């Protein structure tokens, strides 16, 4: 119970919990501040044209924010490594699914229809023939 | 790693060996099948984490869906995200982050027997959750007013006047229903020449660039991809020359993902309210605060999901 | 279009036309090509030999390991059967070399097997550039094969000794085109094109045929969605495909002035594609019968009468037909409901009919409409029997009906 | 159930066991006892098995006739086989071993008082009930004819009225399964008593642990997939339906990302049971403990990498086909390893052919066939020919039913004395096992030939010439009718076997000889508590030994059963022998 003992040493003056770990206020508020700051950054980044890089930047910032939340708000920094493993492991499986599906779709994408789907086209022809989108077959 | 575990749960046993069942007398909250409070706490926490893993895959599948749809129609996403209100989305993000913070503080308050602080934090968190839902409601309502919906509804004229505008033009001739100049077969001698397949069809088949219904012409796709600071008008999106095909699918995935997240927020409202009541009754102390801790974990994950949803929908350049 | 209908209509025409009967091959029922061995059906394409070889190779490996496992199991069970109640049996708990052995050996075997399958698959996925292309359209529950000259057929006809590439699309749900004798199979996916290719060297003529199945579950009549594959020699095939492309025109040309021939002879043949859903004698079916199924007369009478023919849950069709209305004439309405069936759905029937836009040429649609108009002759005797054969008076023997 | 309590034998000699601990129906409905929950799961699953079995018999009987029959239309046939598949997969096989047997046995084997979250456990049982009710609802709403795989766009456009209800049911059942998985993971991690190290855990628990991993990681994806499908069907939003711009192949990716691992949710616990049965009934230390244990984990992980082999002909890109085909073979290895290890366990054993052992040996026989016939399906060029034919049907029935379900029934016979404190008739047990074995092989081996000869699956009729109906396959009767007739005949024999099983098991509940604590001579913990077990499993924390070390197990004439000398057992284990 490394965590419990850790708790015992820090903030001896306060009543410390029977189990689990105490996170100092300073850490919590610092984390919160960082999160808000990063939010502002990412919104700002939207208006700068980096071409392809935009999305990667946005996702990168999101990942940093997620890490902060899970490490400090969710106590993972002091928690059992296995809990961290559970979280990371599950994300790995999402990545796995995404990679395989994207590889496949990327392969047969050329054969997919990018125009108006059949039902939409019929509907537009019947109800909104003037809509520019009908011309985009 | 696994061995580290078993070892650990053992020294838990060993540690409490001398007052074996005494724990149950000492800690009324200790369930009959657990030996020590620590074992119970650890079990609860691991259980919650495993549950969160399922949540990650639950949303993860939707993120995969999102990635594939965006990969297929990038122009749709970069165009349609203009309809989303970045300001409201940003505010919502901050609201969630703050409520996450108050939740974390609340956990610490519970751990340190600060009942008053705990109640305050939970109340603030609850307020944040409800606030988030209210803002989301206004976003949704604005879109519904302008038929920015899923499926066919997206293409419906918004009002009678709009319907008039779009009805004016003559229907395109390729519509089979109208091409009814039926050649009278009784003029039997008139032999139709053998029609070869229309060239477009052939090319479409020979090099599979196009699907059965043709493709968005390059020009239009490029046009749709270039809106640097282009701000389309939601109310007449149907008449917008830059509206790329299949835009309705963007709103489908938008409503599904934000909707599912909204449902999770709603659940959060429920459990946090319950926590609040229990906390006021003084159910939690530095000895027993597991429920607060676990709900905290859940609430942080709800926050995590939104941290990804926000840039993926609102912040497409 | 369903097999028996094509046959029956074919018989009807030849029966009505001795000249044609003489000119064409005797109207014998073609027979399917039978399998000659225990496991695999008859092999008739360039892939068959290799696929069979791989299959049998795996099979024998399987047999070997299966017999091995079961033999050892039985032997041990007999040899080490329990004697007495005192149970403790000593034996090795593990044996690393042995266990590594039976981990690595299977690994090697399956790697070999994988590459065998991989080799065969690559050739299946790479059609030669000069392949003869046939466009396939699948829909519930029929196939249509369209040849480069615009000819269409319900059974698949392919030239012998020539690589053939099928470019497939579906109008509604998933289907899968499967020709066991050719060892080829590929799903047909709505919203995109899929392809497969093969080369059949042995000609079957029109007397024998290979089977073609739909193997992706596609609803009620999934098990009826199968056709025949005829492999014709070079010359025979080119004759057939030209004739197939022109049959309606030839019919018209060879019978100047007698337009009725078109619906008398051509009608039944086209009706074959409708037969799986629309009966002609009023019997119930997936779609409304052409015949008199509710006492309000044939399809044409019903539409003429207007009021009795209800669509979209109860609206009488006369609301839509007439000057200034959606359809000027009843013919226009019939035409629309063939080319765009979803527009108005007959009451009490689901919106299940796929569109035939781009599959029937205008002239062919007209023939079908004329057939509907003439289900009965002037004194009310039926012109067509339950299977769509023409049984009325043919008049002067028509020329050129095959 | 409550009638059990009236039984004098138990009441007299075992005053406190979990059956008699509290009485009355409510004490069952609101119980938090993992054993009672397990029993309720068991009977619920068996009831569903009965319904699914009837559907199967209907389908097989229809196939006696090559053409159309008056008493079953194509539509009814489609609904019948769909219902059979859905019930057997979602209501029977997936919950039967983990939720029924696992719930009962896991904590006792582990030496714990209960699972980590008893309330969650009960909740997941009621979720299961809710799912079952949804299935019934879908029948009332007009049934569903989509096939259990719910492929779009047919499932999103089908006219059948019961599609959405059953999808809701599947969604709920998914969560029931997830909660069971969570419970097992935490229980195995946190509730092990001192001395129960990972490598002393019985292999059944290893298998359940691997299963739980899959349940937790894969099932949510099924949940979201069916949820999307419901939305697609209700609002036609264009996620999966091409007529609105969706992509049906994507649905198959999502579906199989769950449903392939789900195959291992079904088979892994079965393998675990077989490891127990083989070792206990040949009274011999399991051979290669670590190889079997790790092969379970390996299978669990690999199972997530191979889903694409269900889609070789579906329009999936050739690149992915090759990739998935290659990875698929990696799953074959651990399975083969297990079989060889079981064989080696028989070597120099002291094998008693009790009914559970007969099922265990049938498992090895059937699973070997099922596994080996998977190879031509994983090989690209041959799978193109065999895909969606009866060959596939035969293959997965050998694995799902011939293996998973036979293992479940074997385990049921293995632990029946422990669960209810009574012995069933060995004589009838062997008869029934033989009938099931023979019937099964008659039913499904013929389908290998049907399939490789090209008979597609899900076909209502396979010969139209006799029926004289246009469109049906022609000239196939002579090829296929005989196989179909043998198959149907076999299915009747199998059904007879199951009926007999049901009869003698029920009979044993009321008139069965009282069971000793340890009828087979097992050494794992569940055999060291009375049969049936007391309410809280162990009065004092049990002493854990090597659960496959039988040196301390002895026959006791008085009890007509075996006894484990706990001290000797624990010490012999700590003396570092074995692992």
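Going by the order they are written in, the chains are A, B, C and D; count residues from 1 in each one.
Everything that follows uses one rule, which is that a residue touches a chain if its C-beta (ideal position, glycine included) is under 8 Å from a C-beta of that chain, and two chains touch if they have at least 3 such contacts.
This one's a predicted model, so the numbers in the text were calculated from it and none came from an experiment.
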item	value
Most centrally placed chain - per-chain CA mean versus overall CA mean	D
Distance-maximising chain from subunit A - centres being C-alpha averages	C
Between the pairs B-D and A-B, the one where more C-beta pairs touch	A-B
Distance from the mean Cα position of subunit D to that of subunit A, given in whole angstrom	37
For subunit A paired with subunit B, centre-to-centre distance based on mean C-alpha positions, whole Å	11
Rounded Å distance between subunit A and subunit C, as computed from the means of their C-alpha atoms	48
Touching two or more other chains - residues of subunit C	190-194, 340
Residue numbers of subunit D (touch at least two other chains)	189, 217, 221, 236, 238, 242-247, 249-250, 257, 315, 318
For subunit B, residues that touch 2 or more chains besides their own	5, 42, 46, 50, 53-54, 57, 60-61, 64, 68, 72, 152, 208, 211-212, 245-246, 248
Complex contact set, residues of subunit A against subunit C	108, 111-113, 117, 122
Subunit A contact footprint on subunit C (complex, rising order)	191-194, 340, 342
Sites on subunit D touched by subunit A in the complex	189, 217, 221, 236, 238, 242-245, 247, 249-250, 253, 257, 304-305, 308, 315-320, 323
Residues of subunit B defined as touching subunit A within the complex	1, 5, 8, 11-12, 37-38, 41-42, 45-46, 49-50, 52-54, 56-57, 60-61, 63-64, 67-68, 71-73, 86, 90, 93-94, 97-98, 100-101, 103-105, 108, 111-113, 152, 155-157, 163, 165-172, 175, 208-217, 220, 228, 238-241, 243-248, 286-289, 293, 296-297, 300, 303-304, 307-308, 310-312, 315-317
Contacting residues of subunit D [partner subunit C, same complex]	74-75, 78, 145, 147, 151, 153-154, 157-159, 242-243, 245-249, 282-291, 313-315, 318, 321-322, 325-326, 329, 332-333, 336-337, 339-341, 343-344, 346-353, 361, 364-365, 368-369, 372-373, 375-376, 378-385, 387-389, 449, 452-454, 456-462, 464, 468-476, 478-479, 521, 550-551, 553-555, 562, 578-579
